[in-house]
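Every chain is named by a letter (A, B and C) in the order it is written, and numbering of its residues begins at 1.
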């Protein structure tokens, strides 16, 4: 398991010139996600660094959940900005290799990790801002949708959406619930059925992301938005967030084992295995 | 009951010139609805042809449900375009003569047929596209709202809406649920209370229809939209559609008998009978 | 309790000049709310006149509920326009002095009065139009949201919103439900978490109010909107309104005592008492 790397925290400097804020930072040294907590602002930066496409493997998801848990339990942390360290991609979504030719035990473990990640992120008491600096299909889109606010680089080559239907698979009900909470029933119904990947300007128009900014302004904007949200007293904001999201979180909690069984039944079908293998072949050829 | 008219299917022609696609068609010969299935595209065209206003009589509703069932069970059919063969009107909604001065048994049979039509259409596993080429009040609007996509002729003289309240009657809860799923709670609340009939441009702005096109481009556009939806693998699209619509479908299924009783109680009131008779008189004078 | 002041009703005048409509009016003589019912139009005008800011004290809420009940039971009354007689403010929301340093019994009585007001207003069978002629935070916003239609003076200095989170408190679930029914889940989630007070133009853009008009046209517009809604037959409109709002009304009815307990627990906390006292100090200094 990843551990706090307290060594990276700069020692207090008596020579700190006035006006230059001392920024005491703690960072995690992880394999796939880099986390840096600025203790003076209370804001952590989470950067996905799992090239080539930040796919959500079991290892990635586990690191993600553990990182969120650590930050959640750290009184110095009040908000998280989530972004990618890999150019042009935020996250490509669930790692298909985890769903191909593996054992039932593996599928169970994998799906539980997907659920766990979402329960922690959607239910986080911290302010969560997604700085979407690349394409973000399927599970990548879910991560963005689960944050409190979404800013996307205005590059029309970047797209975002729950495109599962394109691959012949179905987004789980809690992906759908999260999507409906953001864009409403009609837009979700159409987008999910078509498995649409929306270019950034269209995603903004549909309300999938809250704001578009030039790529070079993305982190600056994310920090400004975070400051605006952190201006509120934590306790009232957290209770309000819980009130808004509880129904949808409770629904997965209540049907978690059933949802795992559904996933296993689905992914075990020969037809699904075949289409996933074909999709992987296609991805390999693209490289 | 209407029957497949397989005689209309063109025989395979060995002389078919290259480039001109053979379009094997099967059509129903019905009284009120004309159905033509293009077996090469998998798309059926349903045309309401019950002049003067395609009102939803018991006979019309029965034909509609049977036609949908046949297409649903036909492996050659993947999508349906629904439109009108009567100029200027898509459908005027429920046939008021079925609700005036009839027996309890008749009201029961009629209302069950209305429910049946909606359950089949809203729950259809086929792609359903409404090509709204005329006005579409009340039950006519419900048919459009129950499809996967709505294209309307951009003629501002054509209007659409659930205008039941204007006639002194109340849209059933499942009309309301369908409406809310398309336009959201606020727009539905206001439009239903006012019994609004929205001219095409306003209907588009409110999200009641997805797209406006010049009348002469309507069928072309409907075919293009259908092709886009049929590009998706059926199975994943169908499961996704079910996931989005199941809650609302289940609600009527669970309360079907109660809903019939409500209708009978309501329609049996002397005050309601009186206002329906007045409305019919007004319609007769208009002609 | 306030009583009908039938003395203010003008006697029928045989000398009434033609063209000048006789407007038989009845008015309540209350302390905090002025009510005038025009019997010929069936429209009552309710004006909040509790300077400086029309705060919702126990006395104000009680008068409000009693006034609504009287109008509801008066066959001559079909609609109510709600506005303020105090310049620049519609209502400042719940009276904080009722929540500070009082007994459990008082908190219980106060909260029950807040619930009662909302249950009567949101569930009213009359047409309710809010003519928002000033700022309208928190409980003031709830009153506007609970009406059938909201018109706001287009002055950008006037703002509206459920800003409870700014004061370190949490809007109750039924404030949230009412808000979600008007603006949808996403806008409500963001606005409630940030405790936003939206200037009139932004409130209009978000759908919090239906229309903006110049301040001097506000009452004229409210009367025109009311006439449009009253053109519908009452019975069908009322049943439709109930169908749209019942789920949310029932939710409070079912959890009313629990909601009172939650309020008392919350408001009794020393930290909450402290922040409310600080807020009151700030308000006093402003004057």
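Rule of thumb we're sticking to: a contact is a pair of C-beta atoms (placed from the backbone, for glycine too) under 8 Å apart; a residue touches a chain by one contact, two chains touch by 3 or more.
By chain, UniProt protein names: A, B, C = Enoyl-CoA delta isomerase 1, mitochondrial.
These figures come from a predicted structure and were not determined experimentally.
> Based on which chains touch which, is the overall arrangement a line, ring, star, complete graph, or other?
Per interface graph, the chains form a complete graph.
> Would you kindly give the rotation angle relating chain A to chain C, two copies of one sequence, based on a CA superposition and rounded to a multiple of 5 degrees?
120
> Centre to centre, by mean C-alpha position, how many angstrom separate chain B and chain C?
40
> Going through chain B residue by residue, note those that touch at least 2 other chains and give them in order.
Residues 184.
> Please name which positions on chain A make contact with chain C in the complex.
Per the stated touch rule, the residues are 148-149, 180-184, 207, 210, 228-229, 232-233, 235-237, 239-241, 243-245.
> Using the touch definition up top, name the residues of chain A that touch chain B in the complex.
Going by the criterion above, the answer is residues 164-171, 173, 176, 184-186, 188-190, 192-195, 275.
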